[in-house]
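Presented below are the structures under discussion, each in the form of C-alpha cells.
Below are two complexes that have chain A in common, paired first with chain B and then with chain C.
Let's turn to the complex of A and B:
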C-alpha cells in the first residue's frame, strides 16, 4: 500500500492541511499523463501555488461527488471513494463537517477506518484539545503543530 | 471521552460522587486563558473609553467592535489590540491576577470537599504531600513526579507530564513555551488556594522550560505554619 497525500478541509471549505509522502523509490515510470490532481511523482516538485490549486480541485471534486451521490442515493448515502487508473481517493466527512481526503495507490482497500482514526486520535487530540490552537483554523493556523504532524507521519508510515 | 455509562461499583466511599467527562474540564481550562485576556481587554477598553471620552470613541461602538473581534481573537492573546489600551506588562499582570484569583477560590473549595474525611495535617510537609498526591490526582489525573524542599519553607514540585500541557504543541518556532506560560496561572492559584485552606500562607510561582513539564515553586510565608 502506498499513501500519496492527505488533505483536510474545514467547514468553510478551506484546505487547512495538506501533506504528501514520497513514494517508495522504485516505480516512478508509470505515471506520465494524468489528471489535474496527480499522485506524488510530480506533486513532490510542484510549487506551493499549484499544490493549493490541487487542493481546490480535490475539494471541488469531492464536493460535487458527495452532492451527486446524495441526489442519486438519498440523504443517507455517503460518498466513500473513487479510483482512476493512477490513484484512489478516499473521503471521510465528520459530523462536524470536517472533510478528510486521502490519495493512495489503486489497490488499497477502504481507508475509511484510517481516516476516522486520524480524526479521533490525531485531529481531536492534538488540534481540538490543543490549548494553543484556535477554534477556527483560518489559513491552517494551529493545525500544522509538531504533535499532529509527528503523529500523522508515524501513523501513515506505519500503514505503508 | 466516552458515552458509555460507568459500571456500578464506582465509588463506594463517596455516594455523592458524580462523573463528568474529563474533556469538558480540558476544554474549560483551555478556554479560561483566552477568556481572561478578553475580559481584561474589554474592561480596560471600556474604562479608558469612559475615563477619557475626549478621544472621541463611543464606548458602545468600541464594545461592538470588541464583540466582533471576539470570534477572531478566540485563543490568541490579543497582543495587537491590547497594545492600544494596556502595555504588555500591565496586561500580563492583570490577566495573571484574574486567573490566579479564580484558581485560588477553586483550590479552597477543592480542599474543603476532598479533605473532609482526613484527620488534621501534622505539619507543612504532610499538607504538601496531600497536595502532590491527592489533590494533583484530582485536578491533573496524576501525581507530582518530584518534590524537593530546602526544609526552610521552600518546596519545588516537578511534574514532567503536566496534564494541561500534554497536548500543547505549535508549529516549529511557534514559541510554545512562552505561550504556555499563561496556562500555569490558574493552577498556581489552585495550589495557593488549597494551601491557604489548609492553613498555609504561601506564594506560588510556576514555570516551564520544556513542554509538557512544569515546575511549581511554593514559598511558605514564615510564622504561619
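Let's turn to the complex of A and C:
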C-alpha cells in the first residue's frame, strides 16, 4: 500500500493543509502495483508550481462528485471514493463541512476510517483544542503546527 | 445485487442515452438534470485523468516516445466511483464514448455486464443504418435487448 498525498479543505473551499509522501526521485521499487511502467517524477520546480493547482483541481473534482452523488443517491448519501487506473482518491466530510482527501495507490481498500481517525485523533486534538489556533485557518494558519504534522506523518508512515 | 441505471455520454459530453432499470435505486431526476449530470461528469472525468500524483503525463509521454518504441498506457480517468448507496462503473471506449453503469454496492462482475452492454451497443446501435453518430440513441432493438438482459441479471 502506498499513500501519495493528503489534503484538507475548509468550509470556505480553501485548501488549508496539503502533504505528499511521493516516492524519492530514484526509481521507486515499492510501487509495483502501478503497472510495469513507472513515470519519472517531475522536476522540483514544476511540482512546486503545480501543487496549489493540483489542490484546486482535486477540490473541484470532489465537490462535483459529491454533488452528483447527493443528487442521485439522495441527501443522506455520501461520496466515499473513486478509482482510476493510476490512483485512488478517498474522501471524508465532517458535519462542519471540513473535507479530508487522500490519494493512494489503486489496490488500497477503503480509507474512510483512516480519514475519520485523522480527524478525531489529530485534527480535533491538536488543531481544534489548541487555544492558540484561530477559528478560521486562512492560508493554513494554525494547522501547520508541530504536533499535528508529526502525528500525521507518523500515522501515515505506520500505515504504509 | 441490482443494476440501477445506464447512461451513455458521447465524446463531446452530451447525454445520448439514459435508462433506469430499478425503481427506488437512485433518486428520480428529470431529463434536464441528467443532461447537466452528463456534462459535469464529462468535465470531472477529464480532470481526474490529469491528477496522477506520480507524475506529469505530458513529460512522461514525450520522453518515452523519443527514447524507445514503447508507449505508456494513456492516462485513464475515473473508472469506479463508490458512495454509501450505490457504485458507478465508467467504461470509456476507444472513440471516447462513456458508459456509466449504476449498481448497488454489492454488485459483482460489473466488468462482464459492461462488456455485454457495449457489445449490444455495437450490434444494435452502431449497425443500425438509421443511427446518426453522436445523436441520442433511439433504437428499439437496443432498448429491448438491453432491458431483457439487465432484467435477467437483476433477477438472479
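Simple rule for what comes next: the second predicted complex is superposed on the first by the 135 of 160 C-alpha atoms of A that agree within 3 Å, B and C clash if a C-alpha of one lies under 4 Å from a C-alpha of the other, contacts with A are read in each partner's own complex, and residues count from 1 in each chain.
What we mean here is this: a contact is a pair of C-beta atoms (placed from the backbone, for glycine too) under 8 Å apart; a residue touches a chain by one contact, two chains touch by 3 or more.
From a predicted model like this one, the values you see are computed outputs, not experimental measurements.
A.B. asks: Could you tell me if A:65 is touching chain B, chain C, both of them or neither one (first, second, both, neither)?
C.D. replies: In the superposed model, A:65 contacts chain C only, not chain B.
A.B. asks: Chain B or chain C: which reaches more residues on chain A?
C.D. replies: Touching more residues of chain A than the other partner does is C.
A.B. asks: Looking at the overlay, does A:57 come into contact with chain B only (first), chain C only (second), both, or neither?
C.D. replies: The answer is second: A:57 touches chain C but not chain B.
A.B. asks: Look at A:80 in the shared chain and tell me whether it touches chain B only, chain C only, both, or neither; answer first, second, both or neither.
C.D. replies: In the superposition, A:80 touches chain C alone.
A.B. asks: Taking the two structures together, which residues of chain A meet both chain B and chain C?
C.D. replies: None.
A.B. asks: If we count contacts the way the header does, which residues on chain A are in touch with chain C in the complex?
C.D. replies: Residues 4-5, 20, 22-23, 31, 34-35, 37-42, 46, 50, 54, 57-58, 60-61, 64-65, 67-69, 71-74, 76-87, 89, 103, 110 of chain A touch chain C in their complex.
A.B. asks: If we count contacts the way the header does, which residues on chain C are in touch with chain A in the complex?
C.D. replies: Within the complex, chain C touches chain A at residues 26-27, 29, 33, 37, 40-41, 43-44, 47-57, 59-60, 63-64, 70, 72-73, 75-86, 102.
A.B. asks: So in the complex, the part of chain B that touches chain A is made up of which residues?
C.D. replies: The touching residues are 23, 26-27, 29-30, 33, 71, 74-76, 164, 167-172, 174, 176, 179-180, 183.
A.B. asks: Quick one: in the complex, what on chain A touches chain B?
C.D. replies: 125-126, 129-136, 142, 144-148
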